[in-house]
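Just so it is clear, A, B, C, D, E and F label the chains in written order, and each chain counts residues from 1 on its own.
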Amino acid sequence: MASGAGLGRIDGRRRDQIRPVKVTRNFTKHAEGSVLIEMGDTKVICTASIEEKVPPFLKGKGAGWVTAEYAMLPRATHDRSPRESVKGKQGGRTLEIQRLVGRALRAVIDTGRLGERTIWIDCDVIQADGGTRTASITGSFIALADAVGVLRKKDLIKVNPLTDYLAAISIGKVGGQVMVDLAYEEDSHAEVDLNLVMTGAGQYVEVQGTAEKTPFNKKDMDEFLDLGWGAIRELVDLQKSLIGSLS
Amino acid sequence: MASGAGLGRIDGRRRDQIRPVKVTRNFTKHAEGSVLIEMGDTKVICTASIEEKVPPFLKGKGAGWVTAEYAMLPRATHDRSPRESVKGKQGGRTLEIQRLVGRALRAVIDTGRLGERTIWIDCDVIQADGGTRTASITGSFIALADAVGVLRKKDLIKVNPLTDYLAAISIGKVGGQVMVDLAYEEDSHAEVDLNLVMTGAGQYVEVQGTAEKTPFNKKDMDEFLDLGWGAIRELVDLQKSLIGSLS
Amino acid sequence: MASGAGLGRIDGRRRDQIRPVKVTRNFTKHAEGSVLIEMGDTKVICTASIEEKVPPFLKGKGAGWVTAEYAMLPRATHDRSPRESVKGKQGGRTLEIQRLVGRALRAVIDTGRLGERTIWIDCDVIQADGGTRTASITGSFIALADAVGVLRKKDLIKVNPLTDYLAAISIGKVGGQVMVDLAYEEDSHAEVDLNLVMTGAGQYVEVQGTAEKTPFNKKDMDEFLDLGWGAIRELVDLQKSLIGSLS
Amino acid sequence: MASGAGLGRIDGRRRDQIRPVKVTRNFTKHAEGSVLIEMGDTKVICTASIEEKVPPFLKGKGAGWVTAEYAMLPRATHDRSPRESVKGKQGGRTLEIQRLVGRALRAVIDTGRLGERTIWIDCDVIQADGGTRTASITGSFIALADAVGVLRKKDLIKVNPLTDYLAAISIGKVGGQVMVDLAYEEDSHAEVDLNLVMTGAGQYVEVQGTAEKTPFNKKDMDEFLDLGWGAIRELVDLQKSLIGSLS
Amino acid sequence: MASGAGLGRIDGRRRDQIRPVKVTRNFTKHAEGSVLIEMGDTKVICTASIEEKVPPFLKGKGAGWVTAEYAMLPRATHDRSPRESVKGKQGGRTLEIQRLVGRALRAVIDTGRLGERTIWIDCDVIQADGGTRTASITGSFIALADAVGVLRKKDLIKVNPLTDYLAAISIGKVGGQVMVDLAYEEDSHAEVDLNLVMTGAGQYVEVQGTAEKTPFNKKDMDEFLDLGWGAIRELVDLQKSLIGSLS
Amino acid sequence: MASGAGLGRIDGRRRDQIRPVKVTRNFTKHAEGSVLIEMGDTKVICTASIEEKVPPFLKGKGAGWVTAEYAMLPRATHDRSPRESVKGKQGGRTLEIQRLVGRALRAVIDTGRLGERTIWIDCDVIQADGGTRTASITGSFIALADAVGVLRKKDLIKVNPLTDYLAAISIGKVGGQVMVDLAYEEDSHAEVDLNLVMTGAGQYVEVQGTAEKTPFNKKDMDEFLDLGWGAIRELVDLQKSLIGSLS
C-alpha cells in the first residue's frame, strides 16, 4: 500500500491541513460538560463531571483536581478490541493516554481557584480513525470549560480557573513528508509520530515524538513543531468562538 | 416526590404508550452492524461484529455463536459511575444484562445456519433514562440483522439464520398503576418491575418480573404481559419496516 | 437421550410433584442460622450470619440489610468446575444467583425493624442436581428466620421483621410437558425454564422465565405459575411447621 | 481465659488423646472419592476428582499428578470470613495449606503408575475447630484411595500407585504442656504449634513447627514428634480398617 | 547428573560447611536498614522501612508490628520467571516465604517496646542459588536491627525491643547424605529439604522439613537439627560481630 | 526550598554536566546480559534474557522481538512504595516507562536479523534519585548488546542486528535554568521535564517534554535538545568504549 507516500495524501488534504472538525456541545444530558468532537472520522465523547470532593493527597489544602479517563468502545476500531473491563484491567496505551489528557488539562487550570472539588474528564472513543488522544484533549478542554461555566453560574467559583485555551494535534512523517492530523491509514505507515499539546498563547504543554520506524533529526523536529502550531491555532480559534473569552 | 403516582405519568404519556423511538443504522463505520437506538432519553449504541471463529466448546461442530457485552459510559447516568475497567471487573448488574441480551438473541437465530463464526454484540449506553437493557435488546436485534445481511451479501451464508424478530420492553407498577417503558424517574419508584422479551410472533423469550417493593399477584402479571405485548408489537413493526422480511 | 420426554419423568414423579425435601437446622455450630436443605440430590448449606454494621449507603438510616452470597463446591457438579477464588472472580451465573437470593429475601423482611445490622446469607452447594438457586432461597429463608430468632431471644429486636414466608421452585417445559422441580437431567433438556419465588400468601416475588430452546406462550405461562404455586405451597407448609408463626 | 493451662484440657482429654474421628465415605455422589472427615467439631469435605489430562510440564512424560485445593465456607469459623472468590484471590494461608496437602499426598503416590491423569483433591471446611489442615490431609488420603479404587475397578491402572498410608495431626505446647490434636480454643493459646504428616510406616513427610509465642528446644521437639506419631498411628489404623491393604 | 551424590559436594565443601557469607550494610541509601546478604551466589537485598502507623487490628493497642514481603527479580533465576506484578498476584511460594520471614522476625521482637509503628521488611532476591528464604531471614534480622538502631538514636524507643539474634539455614539430604546450606544444584536433587530458623540462644523458631522424594526418620531429623544449629551459630556470630550486643 | 534555583545546582554541577556514571557488566550471573548502571545515586539493574520464541503476532514471520519490563524495589524511593505484585497490577507510570524502554530499544535493532527469538529486558531500580527511566534505557542497551554478543558467539545470528548505539538523558528547566540529568530534588522542582532518547548518530528516537508547572516555548525546546545531545554523546562514548564497534 503506497498510502501517504508520494505527492498527495489519501484524502487529498494539504500537508498542513487538518480534517473537518465538528463539535457538538451538550451531547448528553447528565454531565456538566458534554462534547462530541469529530475530527474527520474520529469521534470522541468528552464529558466533564463535577464531584464535590478531592483525592486524599489534596484533602484540606483548598485546591481542586482535574483527572481524566479514556476508553474506546470495542468496535470503535477496524477490528473489535476486547473490552478492558472484561480483561480486568486498563492496558498500557489507555493509561498512557488518560495520564496525558489529565496532565495536559491541569496545565491550563489554576486548581486553587477551582475550590476543593474534582472535575472528572471521560473520553470515550466511539469511532477511531487516528488522532484519538489529541481529539480527546481538544474536546475535553471544551467540556471542562462548560463544567467550569456551570460552577460559575451557580456562583460556586468566583474567578475563572482556566488560564488559557488548550488544543492538541498529531504530526507525522509519512513517506518522507511531514503532515498534520494523520488519519489511521497514514498513521500506520508513519516513520515518525509526534503528538503536540499547546496553549492558546502558543506555548508547549506536551511534546511527545516517537520514531516508529526511523530516527529523525532537528530539521524534522522544527517542521513538526511549526506545522503543529498552525493546526493547533485553528483548533484554538474554534474553541474561542464556542467558549468565548476566559475572563 | 409523587412522580408516577396518581392519574398521569411524569411526561404525560398514556400507561400503554412507549417513548418516541429513533433508530439510526450505520451509526459508526467499522462494525458490520451499528445501530444507535433512542427510546426517549435512553440512548444505546449497539454494534454487531463478525469474527470468523467460535468459542472452544463449539469448535468443529459446524454451528456459530452470538454473544453480547454491555456497558455504560461513566456519565451516562445522573451521577458518574466508576468505570468497570478501572475497578478491574464487570459488576453483577452488567453481567446479568449482557447474559440476558446474548441469550435472548440466540433464541431467534439458528446458529447451525450461521456457520462456524461468532457475532459479538456490544451494547454501550451513552445516555441512560431507564430501560437500557430492553433498548439494548431491541437495538441489537437490528444490528444483528445488519451483520447477517453483510454475511449474506458476501454469500457466506445461504439461508437467513434469523427465525423471528425480537424486541423487549419494561413494564412496571408505579403508584399502583401498571405502565410500559418506564423512564428512570418512574422506575425508581416502581413497586414491581418486569422486563419482557418477545418474538415477532408474540411468543415469550424472557419474562423477568421482580417485586422491588411489594409482591404482586396473578392479575398484575396478566396485565404486565398484556401491556408489554402491545408495546413490543410496535417495536417489532418498526424492526420490520427497517429490516424487511427475514426470508 | 429421551429423558424427560414422553409420558413419565426420569424418576417416576408426577409432573406436579416435588422431590423429597429434607431440612436439617443447626447443621453447623457457629452461624446464627445454619440449614442443610436437600431437595432430592440437590444439597445446599445455607447459613445466616449477623454482623453489627450496615453497608455505607445505609449508615445512620436506622435500617438493616440482608445480602447473600452463593457458591458451589468444585465437585458439587458432575464434572469438576474450577474454583472461583482460583479464577480470581465470581462468574456471571454466581453473581446472578446471589443477587436473586438477596433480593428475594429482602422482599419479606422489614429492614427498619431489623435495626442497623446486616444479615449475611451464604448458600454453598455441596451437591448439585438441578434447582440449586431455588433450594438456596427456600433454605435461606429458614436460616434467616433462625438468625432473627437469635436476635429476638437476645431482645435485640422487638418485633419480628419477617413479613411472610418465602419459598422458590423451578418449573420447566421438557419434551412438551410442563413439570415442577426439575432434576439436572430434566433441566438440561428443557425447552423452557422458569424460576418462581413466592410468599406464603401466594404472591409473586420473582418470576424468571427463559426460553432455553423454544419461545413459549401465555397458556404455558399460566400453567408454569399454577404448578409452581402448588409446589411452593408445600414448601411454605414445611417452613411453617419448622419455624412456627411469624408474629 | 486459662484454657489449656494447668492440669487438664478444655474438654477433659488426655494430652495424647485425639478427638473422636468420624469418616463418611461417598459423602457426595459425583466425585470419584468423597469423604466427610470429622475430628471433634472440625468437619471437612474431601473429594478426589479424576481428570484425564496432566499439567503442561508433565505432558507426554507418562506420569500423573495429584494436586489439592483448600477453602473454608465463610461461616465455618466463629466470625464470618470474607469469601475468597469475592476478594478476588486466595489468601496466603489458603495457598500454604493447599500446597502442603498436595505435596504430602504426592509423597505416597507413585505418579508413574497413575498414568497421564490428574487427581484433584478438594478440601472444603464446613466447620472449623482447629486442625483443619491436618484433618484435610487424613481425609484426602482416603478420598484419593477411593478414586484410585475407581481407576483400578475400570482397569485403567494395573498396580496400586499408593505406596503407603498418610495421616496428619497437630501438636502444640499450651500453658507449658505438650498435647495433640488441638481444638481452636487451645490452638489460639498455644506457645508452639507443630503440624506433622507421617506415613503408615512411621516416617516423616512434613514437619512444620512454629514458635507462635515462645521459641522451643530439642526436648520439646522430641516430645512433639513422639506424641504426634502416637496420634497418627491411630489415624492410620482407621485408614487401614476402611481402605484395606494397599497391594 | 550425579551432583551431590557420593563422597563430596559440588563445590568441595564439607557437609557441615556453609558457603562464604558476605553482608553489606547501608547497601541502599533511603531505607532505615538496608543489607545486601550474599551466601555463595545467592544475593538478597533486605531493607527495613519504618512507618509511623500500625495495621487496623493493632490500632490503639500500644504495640507495633513487623511484616515482610519477598520477591525475586525476574532473572534472578536460571530461566527468567514472569514478574508477579504482571501476572497480577503473588504466587503461593512467595506468600509462603514472606509469611515465614515476618513470623520468624516477630518471634524475637517485643512489639510492645516498639511503639505503635510498623517495620516493613522487603527481601528482594537479585541472584538465586538456593537458600533464598533462609538468607532473607538472616539478612533481614540485621536490617531490622539497623532500623531499630535508627529509632533508638532518635530516642523514639527507650529499650531495645529485640530479644535475641535470629538466623536461618537450609539442611538437606542429598544422595543419602545430610548437608547444610544447599546450593540450587544440590537442592534440586535433595530427597529431604528442611529449613531451620533459630535464635541466638539456640532455640527453635521454625522447623519446616519436607520429604521431597523420600520420607525420612527420626535419626535424619536429629542430624538435620544438629547440623543446622552448627551453621546457624556461625551466622549468629557474624550478626553479633556486626550489630553488637542487643542490650 | 530554593534547590536548583539561582546560580548553582544542589551538587555543584554545571548545567550541562551529567552525574558520575558507572556501569558494571555481568552484575548477576544467570542473564545473558546483566548490567548495573549507576548515574549518581540512581542505580538500576538491567538484564537481557533470551527466549527462543516470539509473541503470537510474530509467529512464523522470521523476525524477533525486544520487550521491556520495569519496576522499582519498594524502598528504592525516599518513602516506601507499595509493591505492585501486592496491589495486583502495574501502575500507569510503570507501564509508560516500560513501553518507552522497549520501543526505544526496538528503534536500534533490526529484528529480522535477530531471528525468531525474544530478548526480554528487565529494568529493576534498586535506588532512585531521578532519571530512572533514562538510566534504564542507557543501561539496557548495554545489556542488550551483551545478549546479542552471546547469540553471536554461539553463531545463532550471523550479522549484528544492532544498527546504532542508544542512550537517554533527562533535561529540565528548574528555577528558570535549563539543566541536564536532574537529581530527584531538582526534578521535583522542575517547571519543565523532558526525556530524550537518541542514537549514537545523534538522531532522535523519543522526545517527551512535559510542562510540569509552566508551558514552555521554542527557545526552551531548542536548548533542551542541544544540552541533551551533549549529555547523550558522553553516554554513547562510554557505550562505545565498553561494547566496541557494532559491526
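Keep this in mind: contacts are C-beta pairs under 8 Å (C-beta built on N, C-alpha and C of every residue); 3 or more make two chains touch, one makes a residue touch a chain.
On a predicted model such as this, the values are computed, not experimentally measured, just so you know.
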item: Steps needed, at fewest, to go from chain B to chain E via touching chains; value: 3
item: Equivalent interface positions on chain E and chain F, same or different at half; value: same
item: Rotational angle, Cα trace of chain D fitted to chain F, multiple of 5°; value: 120
item: Chain B-chain D separation of Cα centroids, rounded to whole Å; value: 51
item: Whole-Å gap between the CA centroids of chain A and chain F; value: 28
item: Shared interface positions of chain C, touching two or more other chains; value: 88-89
item: Chain B partner contacts - residues on chain A that touch it in the complex; value: 28-31, 34, 41, 43, 45, 47, 49, 51, 69, 71, 73-78, 80, 83-90, 94, 120, 122, 124, 126-127
item: Of all residues in chain A, those that touch chain F in their complex; value: 89, 91-93, 95-96, 98-99, 103, 107, 164, 194, 198-199, 201-211, 215-218, 220-221, 225
